[in-house]
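If you scroll down you'll find the structure; I have some questions about it.
Chain IDs A, B, C, D, E and F follow the sequence of writing; residue 1 opens each chain.
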């Protein structure tokens, strides 16, 4: 399924809400990597995750397995 | 095969039924992760799985290997 | 190569034959999982495999490595 | 790069030659599997490999890493 | 999500800035490989990473998991 | 990002130069395989690598992680 960067989609809106609220998330990648931090921006190709040390990581969407927001 | 988010497709309807019925499912990802819970929504890019602790996980479709509904 | 769900393609017809004949198959996924059972349906996005205990598993085509029909 | 099933492409013609000549090949998949045998057909989605015991395996193109013809 | 090589996208501009500033980056691939060096060019298909020994590596975008710029 | 087989792209021209100059390259695949040899041709779907024993391997572009030319 070719996915879309359509701001009306629930999945895109959910990420936008996570960015606005600065919630802690867990981002699991197909490489097996697990990133922890806050989402700071998203575009059509990528997401950016900022960790507790203000280190930012640009993640390619193609590499996303799942995102979990911490309760 | 570029897949489609066409609500008439058996695979999309099956997920919709699983969401409505709140059935327990097992979701296996290409990262090797195995998630257990109920499906709560789907859109063109993602599925959302809610586990027994009400922790929700947004899964990217590109990462799906299989879904098994528990008998 | 973007593949097609074109019922005239040998690969799609082969699966259709396997479904009709209820042959035992081995389905290997890119996640490393190996499923055994009968194919029960296919659509543009997915295949469904039913095992000996009537447990069905919906497999995403993107996850397919190979299918072997048991002689 | 979205690839093509264009019979004029060197890569498609090479597979066609391997099929006609019945050459032994080694097919490596992204799942890590290594298949040995002869190519018997190809279409837009799949290749079929027949091993020494006449067991055929339908391989999805998306899973191909490389093909080596044995000298 | 089919991504774009659109120079107005934040993700493409970010890489362009990293190239101009010659910042040290860490490039993680879906193969598990981790490359260290400076980005020297990008195009629609690839990125090029130059390490401390002036060895350049051409990375396919499809293989990108994440890029981290060193603080 | 759907990539292109556009001969004006730096990445395609770089491979063409490596083919003409017969340079030794290291080709890393998403399957984890590492191939050593010279590039002998490329098309839209594949690259061909010839090793020191004149064994040629046809590599699918979808499987490419990186290519490094030996200094």
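Please note the rule applied: a contact is a pair of C-beta atoms (placed from the backbone, for glycine too) under 8 Å apart; a residue touches a chain by one contact, two chains touch by 3 or more.
Here is each chain with its UniProt name: A, B, C, D, E, F = Hfq-related domain-containing protein.
In this text, all values refer to a predicted model and were calculated from it rather than measured experimentally.
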Hop distance check: chain C to chain E, minimum number of steps through touching chains?
3
From chain D, the most remote chain by mean C-alpha position:
A
Chain whose Cα centroid lies at the greatest distance from that of chain E
C
Cα centroid separation between chain A and chain C, in whole Å?
32
In angstrom, rounded to a whole number, how far apart do the mean CA points of chain E and chain F lie?
19
For chain C, give me the residues that contact two or more of the other chains.
1-4, 29-32, 45, 61-62
Overall pattern in which the protein chains touch one another (line/ring/star/complete/other):
ring
Ring topology as an ordered chain list, initiated at chain C and continued via chain D:
C, D, F, E, A, B
Chain A partner, complex, touching residues on chain E are 1-4, 6, 9-12, 14, 28-32, 61-62, 64-69, 71
Taking the complex as given, what residues does chain D use to touch chain C?
2-5, 29-33, 35, 41, 43-46, 53-63
